[in-house]
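Worksheet for the structure shown next.
Labels A, B, C and D are assigned to the chains in the order they are written; within every chain, residues are numbered from 1.
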Amino acid sequence: MSKEAIGMVGLGRMGANMARRLHRGGARVVAYNRHPEKAQALAKETGMEAAASLADLVQHLPHPRVVWLMLPAGAATAEHVQELLPLLAPGDLLVNGANAFYADSMNEAKDVEARGIHYVDAGVSGGVWGLQEGYALMVGGKKEAVALVEPFLKILAPASDRGWLHCGPVGSGHFVKMVHNGIEYGMMQALAEGFAILRGKEEFGLDLAKISEMWRYGSVVRSWLLDLTAATLAQDQELQDIAPIVADSGEGLWTAQAALAQKVPAPVITLALQMRWASQGRDDYAAKLLAMMRNRFGGHAVEKEH
Amino acid sequence: MSKEAIGMVGLGRMGANMARRLHRGGARVVAYNRHPEKAQALAKETGMEAAASLADLVQHLPHPRVVWLMLPAGAATAEHVQELLPLLAPGDLLVNGANAFYADSMNEAKDVEARGIHYVDAGVSGGVWGLQEGYALMVGGKKEAVALVEPFLKILAPASDRGWLHCGPVGSGHFVKMVHNGIEYGMMQALAEGFAILRGKEEFGLDLAKISEMWRYGSVVRSWLLDLTAATLAQDQELQDIAPIVADSGEGLWTAQAALAQKVPAPVITLALQMRWASQGRDDYAAKLLAMMRNRFGGHAVEKEH
Amino acid sequence: MSKEAIGMVGLGRMGANMARRLHRGGARVVAYNRHPEKAQALAKETGMEAAASLADLVQHLPHPRVVWLMLPAGAATAEHVQELLPLLAPGDLLVNGANAFYADSMNEAKDVEARGIHYVDAGVSGGVWGLQEGYALMVGGKKEAVALVEPFLKILAPASDRGWLHCGPVGSGHFVKMVHNGIEYGMMQALAEGFAILRGKEEFGLDLAKISEMWRYGSVVRSWLLDLTAATLAQDQELQDIAPIVADSGEGLWTAQAALAQKVPAPVITLALQMRWASQGRDDYAAKLLAMMRNRFGGHAVEKEH
Amino acid sequence: MSKEAIGMVGLGRMGANMARRLHRGGARVVAYNRHPEKAQALAKETGMEAAASLADLVQHLPHPRVVWLMLPAGAATAEHVQELLPLLAPGDLLVNGANAFYADSMNEAKDVEARGIHYVDAGVSGGVWGLQEGYALMVGGKKEAVALVEPFLKILAPASDRGWLHCGPVGSGHFVKMVHNGIEYGMMQALAEGFAILRGKEEFGLDLAKISEMWRYGSVVRSWLLDLTAATLAQDQELQDIAPIVADSGEGLWTAQAALAQKVPAPVITLALQMRWASQGRDDYAAKLLAMMRNRFGGHAVEKEH
């Protein structure tokens, strides 16, 4: 591959590692972050170029430019898109690689494409392991738009011909990534419930670390999530210092919402999300009311908050 | 009705009120409690008789004797049954009115009936309101056994011809009561979730007390549980002092177990139970493991216990 | 009460009965239906007035006019609102009594109020029993708007001071009705599961009709839904001719969506909805895929569609 | 390894393949099946020995004998154990490799060990792929009992030091396997729901085969179950000929029961089981009753069975 150039906007955990993988894979990467010292540090570490501003980034890139936005939240992406649009030229490409609700990406694409600029929504999976193992990439957009980013997908993915897919029209990349995360919620919950049951069988004195490690070979539940669980349990299976609070990032919620909108039952994915919310105390009011109802009809004692 | 006699064993919240309702309804009640002062106090209050011991109780009653056990837990009932058996004569009747697992009652009946003594399992619903409004009574046993207790069922129930039922053979009384409570778990959870959603709609500033009161008339969800909810919310709808912990008494668990044994899906009843357990922290290990998995694959921060 | 006048638009099952209850309660009712023969038939039956057109309806009513829309679906309401707006004058009132998504009602109100016409959203519960027993009415809107419809709420409700509530601003009436129906889904599912478990205990030979009737008195689960269940089971407890398909009307879905939007766990309400969808075959694709997965890993036989 | 000998009783799908893997791995295998022609066919195919009867099998094996029972259901295992006990000598070992409820295995062990014969319960995962890829093996029993079977575990597992574990005392092997399968139910359901949502998004025209294949590389949900799903979808993603009925084998039920017995919430595993039951029509009575309730309160039409 000739030295293709890409601008990477956003150098957080995901963006910085993706820039590193692209650079190592032979791409010419121009890195930009709102805090310029982040880009400079990454440039120093790797030898890639750093841009001091979005205008600077755009000037560094040959036409048609490929700019990959890897920003945390919807608002940040929208701001950067607005800043970039006047700087780009027709035929350039914006890739939104953030976790975004697919319908928002479809609206964003309309704005961008109205100026003749290409748009691709990219769902990126792989987390902190992607740098080393490659990312799973789900992209949506027009054929000619995806063609511009394809060389970079081949580097980012675990192999040039696997782990990335042009799923369909704009929005479909984020939609497929969203469902991927929904499945992830359900799988994680199933694993966590299983280990809780193993742990609850106290008379057997089971070693959860050894069990999870053993299951990695030959079992039906072998999976990357099990690998991570085994790594966690190998370090500590008591988890005494860990608070029983599970955060959620939005993708599980969007999946549950998409299932409702389609009238497709997704009870396990939805419930996995609701159990996370319960762990966050979001069912506290219902629980208080239930405690009071029991008190009303049965005279059962109610615990007071202290 | 001629003055029929019954011995009431166990004078806790339920037993004492049932004794009162029987006495007021014209029955001759002999009250007994392991702590004799309780029986004496009740006798003083009401004019009913107090027995100083189980032997004393049995001597007070004409043959065929009717002895109603209203004791909190399985163990207490079993002990009292063992003590009573040598004191009773063939043709007498033991009624187990406690919340008990129906299969345990079926075993207990075998022991009792082997001595020629009748046995009836009675599920009693109505809680603290039963004294005034009457109890719903579900009894299981042979026809001749139930006939002995029928006069008392007619007094305990809201009306002589309603609110009590000879459900079937021994065990069926406690089985029907068990399912009743399982339904109760599901209904309560549905109500609690609904009020939590109303409360969550902050921009409408809804008055949950007024809404629950209004629903009591003409709505599809009007119910005794709604009446109690309305009474609770009328006093306090913030519930700030109440801990978000919902106890469970065993009947919900037994219902979920019975459904599993039958391979009948009871997802809402089962989940209502599981949500109570979650409120008790019984899902903490799963939640901790989920938090650690998220940390492993996504580098997401984990909250520490403090 | 002096003879207050109201126009009732839409004379289906709900609208016709509400018109009857208003007429019997002393209101002057002008009835309108897109099919004029329906209005004429109702006028003939009751003595109330029939309008031949919306223009005719408006002319029959004194200013400020009160027009209650009781139409089946969102689209029909929107069309009638558009037709009515040019016919009404500032200070008149439109009441939307249909099952509508509260956010849609809020948008509708903006259009209506922009013309100086008052708007109230009314959730109406009670179904086919409302004519006789009264309806539970949940209304949202400005104080002066609600004041115009209050005389009619007092007739429609089970009693003049109960069973109706001005819940809050526009949208809150439909919101509260929506949550009411969500609770209803959960309660119904809990009842249905319970009776299925009772039925599954074949060795007890339980009579579900008698059990449901007995629970109506003194039990914790006594409720209007239980009353209806008892009436159903009294007629037929085998239900052999009934297809196991449960329809859903939208309100359960909206409640589940509202809970998701608030991040409030409503697992039982949501699951009750999902079980209805499963009964409609909406989980068929997932089930087929599961059957195929089992075949893949375990060589388990797969049933073919026939 | 010296040529260690093992008797394999039961040559169904699992037993025959395990015998093959043991034979290929260098063990001396004596194969037995109630239908002797099965053992003879396997002997002919592989060169291993065939026993004509259990007595014959026992005579072929050197003391201490290792006999592995790989029979489909609990009843078959119990019969074979009763037949084998008088033929074996103290110090010999019986391995129960079937899917069995762990408490039953604990009872079985008591009978066997009372005769001085060792007992190991072995949970075996891997299905039809185990012959080639190795089985995950979870065994429970005393140290000296497990030592006797260890050489064979090392051949059966994917590698001599991975994919097998002495989990704990008798019963723990089947317990860990049971939970493994419970997790499997939850993971499968999550995957199936996700693909159903993808399929439901018709406007994107998603290719489920390509998506599942892509996810196998670099995604968070990569797993053996996903591999199988991808293989299935590659052949056919319409699944038109497949009936939407998912069987269950007992292990999911036992896991749900174990969780209930421990009072540990396992909502997702339990619900995955309940959804399978729903697919089998086990919720039909509840659905019929719900349809009738809707008819009662709302006059909604009910579909008749045809």
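We adopt the following convention: a contact is a pair of C-beta atoms (placed from the backbone, for glycine too) under 8 Å apart; a residue touches a chain by one contact, two chains touch by 3 or more.
If you're wondering where the values come from, they're calculated on a predicted model, not measured in any experiment.
The interface with the greater count of contacting C-beta pairs, when A-C is set against A-B, is A-B. Farthest from chain B, judged by the mean position of CA atoms in each chain, is A. Annotation: 34 Å between the Cα-based centres of chain B and chain C.
One inter-chain figure worth recording: chain A and chain B are separated by 48 Å, centre to centre, where each centre is the mean of the chain's CA atoms.
Chain A and chain C have Cα centroids separated by 40 Å. Chain contacts: chain B has residues 127, 189, 191, 193, 196, 200, 220, 224-225, 264-267, 271, 275, 278, 283, 285-286, 297 touching two or more partner chains. Contact residues of chain C toward chain D in the complex are 13, 127-129, 188-189, 191-193, 195-196, 199-200, 224-225, 228-229, 231-232, 239-247, 249, 267, 271, 275-276, 278-279, 281, 283-300, 302-306. By the touch criterion given at the top, residues 220, 253, 256-257, 260, 263-267, 270-271, 274-275, 277-278, 282-283, 285-286, 297 of chain B touch chain D in their complex.
On the chain D side of its complex with chain A, the touching residues are 125-127, 130, 133-138, 140, 157-159, 162-165, 167-169, 171-172, 175-176, 179-187, 189-191, 193-194, 196-198, 200-201, 204-207, 210-211, 213-226, 255, 258-259, 262, 264-269, 271-272, 275.
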